[in-house]
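One structure below.
As written, the chain order gives the labels A, B and C, with residue 1 at the start of each chain.
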Amino acid sequence: MKKQTLRAALYIVLAVVGIITVLPFVWMILSSFKTNEEISALHQTLLPQNFTLENYTSLQSNFNFLQYFGNSVMIAVIVTVLVVYISCLCGFVLSKYEFKGKNLIFGFVMMTMMIPWSVTIISRYTMFMKSGLLDSYLSLILPVMVSGFGIFMMKQDISSMPDELLEAARIDGANEFRIFHQIVLPMSKNSISAIAIFQFLWVWEDYLWPYLMIDSDKKQLLAVGLTMFNGRYSTDYGGLFAATVISIVPVIIVYTIFQKRFVAGVAAGSVKG
Amino acid sequence: MLRKRRPLQSKSEVVLRSIVVTFLVVYMLIFLIIPVIIAFAGSFHIWNPLNGTYKWTGLDNYIRMFQYPTFWLSMKNTVVFCAVVVFFRVLLGLALAYAITSRLIRHKTFFRTIFYMPTVTPLVAVAYVWKIMYNPQFGLVNNLFGFDINWLFSSDFALPAVMVMTIWKDFGYAVILFMSGLMSIPSDYYEASNIDGANAWQTFKYITLPLLKPTMVFVVITSLISYLQAYVPVMVMTKGGPGTSTFLSSYLVYDQAFVKYNFGYASAIAFFILIFTAVLTVFSFKLTGENS
Amino acid sequence: MLRKTMAMLVIISVIALTCACGKSETTAYKGETDTNPDKGLPVMGENVTYDPNHLINDGKPVELEWWLWDAPDLFGSIAEEFEKIHPNVTIHVVNNPWDGFWTKLPLALQKGTDGPTLFNVHNSYQHLLLTYMAPYDIDVKDLETDFFTAKSHEIDGKIYYVDFGIMTGAMYYNKEMWKAAGLTEEDIPATWEEFREVAKKLTVEEDGKLVQAGFNYNGDFENLMQGVPYQYGNTIFDESGKVPSLTQEGQLKAAQMFLDMYEKDHVGDKDFGTDAAQSFGQGQSAMVYKWGHFYGYMNTNYPQIEYGTFEVPAATKDPFAYDRYNGEATPGINKNAAPEQIEAAQDFIRFYLANTEKQKELCMNYSLFPANNTLREDTELQDNPAIQAVSAHIDNYIWPGPMPATLADNLKIACQDMMYNDTPIEKALKTAEDIVKVDLSNQEFVSSENLYHRYSEHK
């Protein structure tokens, strides 16, 4: 009996929080089918009164939406794969090897998380300009391919792997590269999923850096396109919401692919170690 | 840390280690140390790289920073913002994670997915949605709860309104972290406490909480670092207003660098924040007794 | 599962990469050569003239970029007309988001030949751009004869950009509410006293709750505060043009008056919506103070509201100046571009400035009072309500100069402090003044107020 009440209470609490969590989404999705006038109407209705698809259809005419979308997916995937691989590799070396200066290097890795981007962005721009890498995708990939967060997480995870396992492989004659690729990487699937989800989102929503780097319309990213809705004098909310609705789809897909391992992965990276 | 491994090292280990160390050192040098040095030098100059201004002013930027009332207000706001948001992130995250992992609840994946949705949505879009929701006349918040408050234009409510939005956006992250923390607690701990006749609260307090400490440290520290750099919600929702009521120190950096183009001054403030963050991080590690 | 997904993602990205590369190869530059200098076209323009009958770069192909943040079709049509005359010139119009534009543009100008050769200018960012700009290769006297605001853009005898039109503030009123309150054309107020009476009549309260604001300035207070103090004869800057003062009689009086309208007259409320423009469109505010761009805003968002305009009321009969104005500028030329690009750009600017038809279209698009004197009497332009309201006394509007963001920003903070945080007027304005003083002392800004034709009358 007591158990039943407790269960009901728990469900109610979760449901209430769940509704509060979802409500802004529902509102945003429904609003993306409204005109701007209706979005800011004094008498609000949840469902659109004059259902319109214009916000969606005008996306392609406002800017080259599909092209931007494709570019963003490509860059986000490349960066995510790179970050995952580099984080694993660095995490492996920083956790399983002992050498001088290891803690110093790790300290600097942690620093990358603490430096405000606004301080370094201009000098980075100058560097990329001088190296002639402006308007190339390399300029979007290089500065983010090492993630302090990722290395931190992988270091925690890999350090909890039993040394005996690696030793056994070494005795069997495997070199360190094989050990990393055939033992360490597969064993870190969970943390990899976690980093992938975080990293994909960060790349996906980053705006100012790609804007500064990329000039050609053909190479531009979606996050930059989204700011087109925020004009000099007013914001086109309908367009912004429609674009956002579409732009979260890939993130949701990545999340569903990786989510099974996600919780376990976060656990490995943050709890153990 | 104690040296666990044999000193003997295979050739491939040396190669791999050298590759990684060289890579990291070169990378950090190019993308971290050099830009930081440039910015640090810039903080002693009137510096606008956009039109090539670079004039030595000594400590002027730092003096100006300490004399600027908005700077102190923004520091106070930042501390309040971080404390409240981190507190609620931990509290909500822990409570909801505890509820979801409880044996009484079935649809665990469902709830987990729902709670994590705001976290995977771009912050800028979310901030615009909430900005409309806070409208005093037609906003969802007033309509739903029957308030009559001009949320974003009130010196009392603007900062809390931004904080509520941030908590909504980010609590899912903590839920996931605590869920994984809770699930990695071996069940024999609970069985033992059951036998001892401990009630639910005692079990939570004496068994769950201490075992969750590493998760707690991770959540608190990563949250602190990221909130000390938060400026997007303020930029979209209030632009620091009304007046300067919602200025956060990172928004001040953004405003000085990319609105007023005082890069030298912005760098000075950024270095203050960096030191503050570093001190706070070390302090939180010490406070929670973790040393890694 | 994971390995498969990863493999899939890598494959997708490789495909995407090849697609992207493949596409970029298809747009090879197709430059034409022009061999015919005598095009048999008439010379355009009054004093600034454009003779199309010549070759650019000896007829060899030239390619350049023109960066803007708005209206790519309209600006693009000017480029197209020019390309028709000079088929060897290709102008790529690049539209950018407004957010971040002023960070990106100066950085891109440092790239010289690879950066934009032409770029639209906003005078408040002049301090970022001037080091990259080449002066117009046009006689300054001619420019100043044709464009009545050109003189204010003269720097050391050279001109780097001029206004094609100017924008300023006016009052917009809802015609239906005006009628419902029993008001007629006769009641259009000329002074602030009259304005306050009208605003009271236009205010509707139900059960002590405001349902229709007579005058709503939420979000516009700082704009009013940048213009209205001129009516009292106060300039923002001292004689040197460098030291700002925000605490003179005009500013204090104006601030007090607007706060009184809410607090004493109750014709509006700080919590009555957050944005006067929106409130006007929603049909719950009878009057708002807005700049010319409001015309376009209403057209796109609230086309069904019927409204009229009138000039901003004055504090005295013949005020020192009615309001401040700001210009929308013609493009700047990147001096670091290649010589043939600069040659083409200079030629294009001449074409642009002599092309009154296109300037008219631009003024229509933004509801600007034309800066070109030949367009002054244009009936179509005068029919635009935003332009109509300011036409009568347009010469009595003042331009403070290419003001960096700090003044507007700190004034906005002061205004919000007065409105929402109950900060006393003098204290709020003094704080803003102190910060602006420090900020400006680090920049080479000089006000243009002393170019105003009635400057000698200021207090």
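Structural remarks
As a working rule, contacts are C-beta pairs under 8 Å (C-beta built on N, C-alpha and C of every residue); 3 or more make two chains touch, one makes a residue touch a chain.
Since we're looking at a predicted model, the values are computed, not measured.
Chain centres computed from CA atoms place C at the largest separation from subunit A. In terms of C-beta pairs in contact, the better-connected of the chain pairs B-C and A-B is A-B.
Centre-to-centre spacing of subunit A and subunit C amounts to 38 Å, using the average Cα coordinate of each chain. Measuring from the averaged C-alpha position of subunit B to that of subunit C gives a distance of 38 Å. In whole angstrom, the spacing between the mean C-alpha positions of subunit A and subunit B is 16.
Touching of two or more other chains is recorded for residues 135, 137, 258 of subunit B.
Contact with two or more other chains is made by residues 40-42, 207 of subunit A. For subunit C, the set of residues that touch two or more other chains comprises 100, 103, 107. Of all residues in subunit A, those touching subunit B in their complex are 3, 6-7, 10-11, 13-14, 17-18, 20-25, 27-28, 39-44, 89-90, 93-94, 96-99, 101, 105, 108-109, 111-120, 122-124, 126-127, 142-143, 146, 149, 163, 170, 175-177, 180, 197, 201, 204-205, 207, 223, 226, 235, 237, 240-241, 244, 247-248, 251-252, 255, 259, 262-267, 270-273.
Interface residues of subunit C facing subunit A in the complex, by the touch rule stated above, are 2, 5-6, 9-10, 12-13, 16-17, 19-20, 23-24, 27, 69-70, 94, 97-100, 103-104, 107-108, 110-111, 114, 277-278, 281-282, 284, 293, 296-297, 300-302. On the side of subunit B, the complex with subunit A involves touching residues 3-5, 10-13, 15-17, 20-21, 24-25, 27-28, 30-36, 38-39, 49, 92, 96, 99-100, 102, 104-105, 109, 111-126, 128-130, 132-133, 135, 137-138, 140, 143, 168, 172, 176-177, 179-181, 183-184, 214-215, 218-219, 222, 225, 228-229, 250, 253-254, 257-258, 263, 266-267, 270-271, 273-274, 277-278, 281, 292. By the touch criterion stated above, subunit C contacts subunit B in their complex at residues 100, 102-103, 106-107, 127-131, 270-274, 404-406, 409, 412-414, 416-417, 419-421, 423, 428, 431, 435, 438-439, 442. Those residues of subunit B that touch subunit C in the shared complex are 46, 48, 50-52, 64, 68-69, 135-137, 150, 152-155, 240-245, 255, 258-262.
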